[in-house]
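Working notes, beginning with the structure itself.
Chain lettering (A, B, C and D) follows the sequence in which the chains are written, and residue indices restart at 1 in each chain.
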Amino acid sequence: MSLRYLAGRVAGMAGTLLGVAVVVFVVLRALPGDTITAKLGTQAATLTAEQRAALRHFYGLDASPVTQFFRWFGGLLRGDLGVSIDTGVPVTHLIGDALPVTVELAVLAMVIAVPIGVLFGMLAASRPGGARDFSVQGVGLLGLALPEFVVATVTVAWLASAFAYSPSAGTYVSLGDSFSGNLRQMLYPALVLAVGLAATVMRTTRSAYLEAAGSDFVRTARGKGLTEARVRFRHILHNAGIPIVTMVGIQFGYLLGGTLIVEQVFALPGLGRLLLDGILHQDYAIVQGVTLLVAAAFVVVNFAVDLVYRLLDPRTRSEGRRA
Amino acid sequence: MTQEMPPAAAAVVPAAPRTAGQPSLPRRILADRNGLIGVVLIGALALIALASLVHLGQDPLAQHQSGQLAGPSGAHWLGTDQFGRDIAARVAAGIFASLRVALVSVALATVIGGLLGVLSGFAGGILDAVVGRLTDVLFAFPATLLALALVAALGHGWFNTAVAIAVVYTPIFVRVARGPVLTVRESEYVRAGRVLGFSRSRLLFRHVLPNVSAPIAVQVALALSWAILTEAGLSFLGLGTQPPNPSLGLMVADSRNFFPDAWWTLLFPALAVVVAVVGLNLIGDGLRNALDPRTVRR
Amino acid sequence: MSVLEIVDLHAVVATDGGELPVVRGISLSIDAGEIVGLVGESGSGKSFTALSVLGLLPDGARVSGGRILVDGEDLLSLRAAERRTRRGGTVAMIYQDPMTALNPLMTVGAQIAEGLRAHGVDGAEAKKRTLAAIEEVGLPRPERIARSYPHRLSGGQRQRVVIASALALRPKVLIADEPTTALDVTIQQQILALVDELRVAHDLAVLWITHDLGVVARIANRVAVMYAGRIAEAAPTRSLFAAPQHPYSAALLASIPSPTDTVRGPLPQIGGAPPDLTALPPGCPFEPRCAQREPGCAATEPDPVHRGDADTACFVPRERWTTAEEAG
Amino acid sequence: MIEVTEAARHYRTSDGVVRAVDGVSFVVAEGETLGLVGESGCGKSTTAKLLVALERPTAGTILVDGIDVATARGAELRRLRRTIQLVFQDPYASLNPRRRIAATLAEVLAVHDLARGAAATRRVGELLEMVGLPASVGERYPHQLSGGQRQRVGIARALAVEPRVLVLDEPVSALDVSVRAEVMNLLVSLRASLGLTYLFISHDLGMVRHLCDRIAVMYLGKVVEAGGWRQVSDDPLHPYTRSLHDAVPVADPTVESGRSGRTLTGEVPDPAAPPPGCRFHPRCPIAEDRCRTTEPPLLAQPDGDRLVACHLV
């Protein structure tokens, strides 16, 4: 991996992030009702023209959109995401509290889903078209089709009726407070997330494995008299691993912005919940901040996936052609 | 709404020469076991949705004082909800609402994204660079998040929801269309056309487009299923269809307080979503099998 | 004595319309130190024959009858685990496309060494023999090659690596499935010379699959010509080229422009197409295209008979053939 | 008919500038067949693309029937299309899989305003007959034809615009041995009946020898030897041509057993970094010091119509 390649990628990523900032700014300026209406509610209607103008000036809303963007963007670069209009707390603080919850949820879901998905994907692919393939694929399809909100709803109801346990009652226990207490709150939502995730991983594993299994070099490996286990793990799975790792990385990125429903149903104070509250209260500094952060994280995760991909595949590691 | 988004990468190869000229595409999908099941499931849902339009059963908004949260019976086949409204009628109307959003959003995304992808892939140069950067930026947002932010910005209503989903899916169609165009553009039969003096528009519309329609068709099926899940998820969160209008996502959200006792309030709307998504995925699989040269036997 | 002996081999491949016979009773033997060329056009069954010997037939295809003897031991009667130890150990194979035959994620050295380890050669010994194998196929600086990934090597170098890997365990039989088809002619020449050298050095029995009669003329001691899943004619190379005993071999040879012609007339054509394996005629499969056919040829399929130096599956001896001029 | 003067085609890649064709000159007279021989990477296929204006030359001029291929636009380009046509190596890939053969041929006629409606149907039938196919083939799709039939369709399509020159890019390499003879015979008879000029590109010296009047041998983007078919193929002078002659196996065990057994060592160097001096010197069995520094010009030989680029002949 050359320095030139890395520099190019980083520059491209910076460009994408700038584009992301523009999109966030443009889309969310269109939020219904401006900040003043949101802040003052019905009182806004009683403002005089002068008062309104003064407030607009105070919030910087009288400047041209381009000026507003650069003010906002300049703040971003200094790590200033603005202040929540609703609570007066800096958005960075709110995100700082919420981010670990979402990341933990995403990591936990991954830890559960990936081994299951890979294992069953291999099982299905080991004899394509067979009964095992058919049933694994059927369950996988169901896993994809079951909406998260249904699984989450049923899980909460089941926990309540079977264990008289309501994960959404009581306050959130962080990992620092109590490991077991935290795990008790996080395990079920992570399991719910893992359902669809495992199904996706399974399907990708299955097709990547089948693709690799049909390669010429697999025949060469068998022709050398290798054991079937070695052919499967060292040759087929190893080669199938590249698309699997790529897909898992991208899914992790999606998860950062996709835990909304689970956080809502299980009442976890993560990014999704923060975003949803922001939308419902038209607190658009929060909405901008969270959207931007998640998109930026997604871009960085994708970049990391690309680097891992390049490390895994020797063909992309070097530029020279011949030994 | 799940984090699952069908992989946009061209997992599907451009139309295989081998499959052309064989039985027509619809017939090949029906010949595929998965495709056939998918078509039957989706056909049934579409019929139910159409039936709801003419109120063949009950009015989905009518509140029957006689029975709130009543179980399935002769009068109300699938029971009633907390306001005594007929679940069967509400599920049917919910399916209609879901399909409407899905069809409109995917139609928008397919036409806009597909066209941009085909044009940028075929023309290359500046157009390709600009479209490429724009899709990169849109791809930087996790799909669910982007849909949510757009709905927040655009406001409620089924059409806004459809537009939001369309924006999310447009860059995917750009990529799905562009990849195969690059392959087909360099194929020998397009080269032969160039040597024979065919115009660019003839090459694009007569030779390139018909040969890239296959992967786009597969993606349409997957996009529809994602759109249905997303619409239901947004409604579940209170950001899609607004009460009292029937929506599958809202019905599940409402059922939370009555489950598991009034299980029918959750089961039937959930089932409708699952059947729709399973059906569309099966159609997608069927399409893929019908179009993949490797599954064509001698 | 013959090291490899294929007796009445049959193989089928599953299709929607039932099982298709792709190899229909092939018998062939190869002595130590001998190269037999197996020649045929696409669909003749030559690759299926090769893959049957290794037990590497693709999904849906299987051997449906016959015996494959290596040093008198029938490979088809072995249990799977025993069969595996024969692969690479006593019978090895090299493949058509060197660009795809190696695992892109493993170094060349690791790929050769794992074959050795699969047959009980471990540690320093495996390393030593890997380097020796690379050196033996004429690649410079073996350590460096061993550490390289396949994409760093050219097509010719990769094919040498495949050969090194195949021969590292000193097998008795080498199956070569068109290993030079994907290579340029000057590289093909190098590979042909290399295999010939190794055959002499290790007394290898080689089955060389090809569609190129020129390659056969250069490298093979004997030739078997396949048509529609059967051997039409098997003969020593010189005899086959000098006086083919089967009309198909004769027609194939005639269709190639001679390198010494000074007047360039039209090339004799065979005409028609090979039979559909789903609807084989009852008689000789070549009969519909044959310039020498006689009334009885369409009735029953001929069994091989010994004629001259050759075994030929034809009812009509060469003496009764009409010459091309009369026929044309 | 064809006049190529110092034509070059360079590509920029991440590895540097690839000189696929690097100063190639040759002439093909009307009705003549020139064979272009060489291994992969020698630039023969790029030369074909330059001639039919699929690629434009980086330097040099290419004239086809007086049309400057590098600059032809509009009407001039259309005239070029109707003058020179290309037959591809892989007849399967070069036919649109979704179109019936008749539609593929009729489209060419329509684009060039040659025939429409019933006249087009009649002309399609004629074209198929010309390449030895029954009219019923028109109703088929490419995958329903055999390799030989497809290549005949490829030839018919090229002939639809009534060109005077055909560039044949390895037209029989993808075909089975027994089918090659049929297509070769077809090419010979079409050349005679239509008075066509051919540029026949192949790595198969035997086929080139069978079809061509003159042969040019290319190595790493340059012509190293050119001359009459018997001169180049039976009595080569350039060490590379001689090596090629020895390397190509011929279907005759007597010839084969008489071979010296000497093989050409090494491989074709990277065209992004060709060796200095004579490009063949690293593999040449007789190279001297000056071969490593000075590039030999392509010079006429005393034995008549032959050019060789070697210091040592």
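One rule holds in what follows: contacts are C-beta pairs under 8 Å (C-beta built on N, C-alpha and C of every residue); 3 or more make two chains touch, one makes a residue touch a chain.
In UniProt terms the chains read A, B = ABC transporter permease; C = Dipeptide transport ATP-binding protein DppD; D = ABC transporter ATP-binding protein.
Note that this is a predicted model, so its numbers are computed, not measured.
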Result of counting contacting C-beta pairs for A-C and A-B, higher pair: A-B
Chain closest to the middle [Cα centroid of all protein chains]: B
Whole-Å gap separating subunit A (ABC transporter permease) and subunit B (ABC transporter permease), where each centre is the average of the chain's CA atoms: 22
Separation of mean Cα positions, subunit C and subunit A (ABC transporter permease) [Å, integer]: 54
Subunit C and subunit D: spacing of chain centres that average the CA atoms, whole Å: 31
Subunit D, residues touching no fewer than two other chains: none
Where subunit B (ABC transporter permease) touches two or more other chains at once, by residue number: none
Subunit A (ABC transporter permease), residues touching no fewer than two other chains: 321-322
List of subunit B (ABC transporter permease) residues in touch with subunit D within their complex: 15-21, 187-189, 191-192, 194-199, 202, 206-207, 210-211
Subunit A (ABC transporter permease) - residues contacting subunit C, complex: 215-217, 219-228, 230, 234-235, 238-239, 312-315, 318, 320-323
Residue ranges of subunit C in contact with subunit D within the complex: 41-42, 154, 156-157, 184-190, 192-193, 211-218, 237-238, 241, 251-253, 255-259, 261-262, 264, 266-271, 273
Touching residues on subunit D, where the partner in the complex is subunit B (ABC transporter permease): 52-54, 77-78, 81-82, 85-86, 88, 90, 92-98, 100, 107-108, 111-112, 140-144, 154, 157, 160-161
Of subunit A (ABC transporter permease), residues touching subunit B (ABC transporter permease) in the complex: 12, 15-17, 19-20, 22-24, 27-28, 30-32, 141-142, 144-150, 153-154, 156-158, 161, 193, 196-197, 199-200, 204, 207, 214, 247, 251, 253-261, 264-265, 275-276, 279-280, 287, 291, 294-296, 298-299, 302
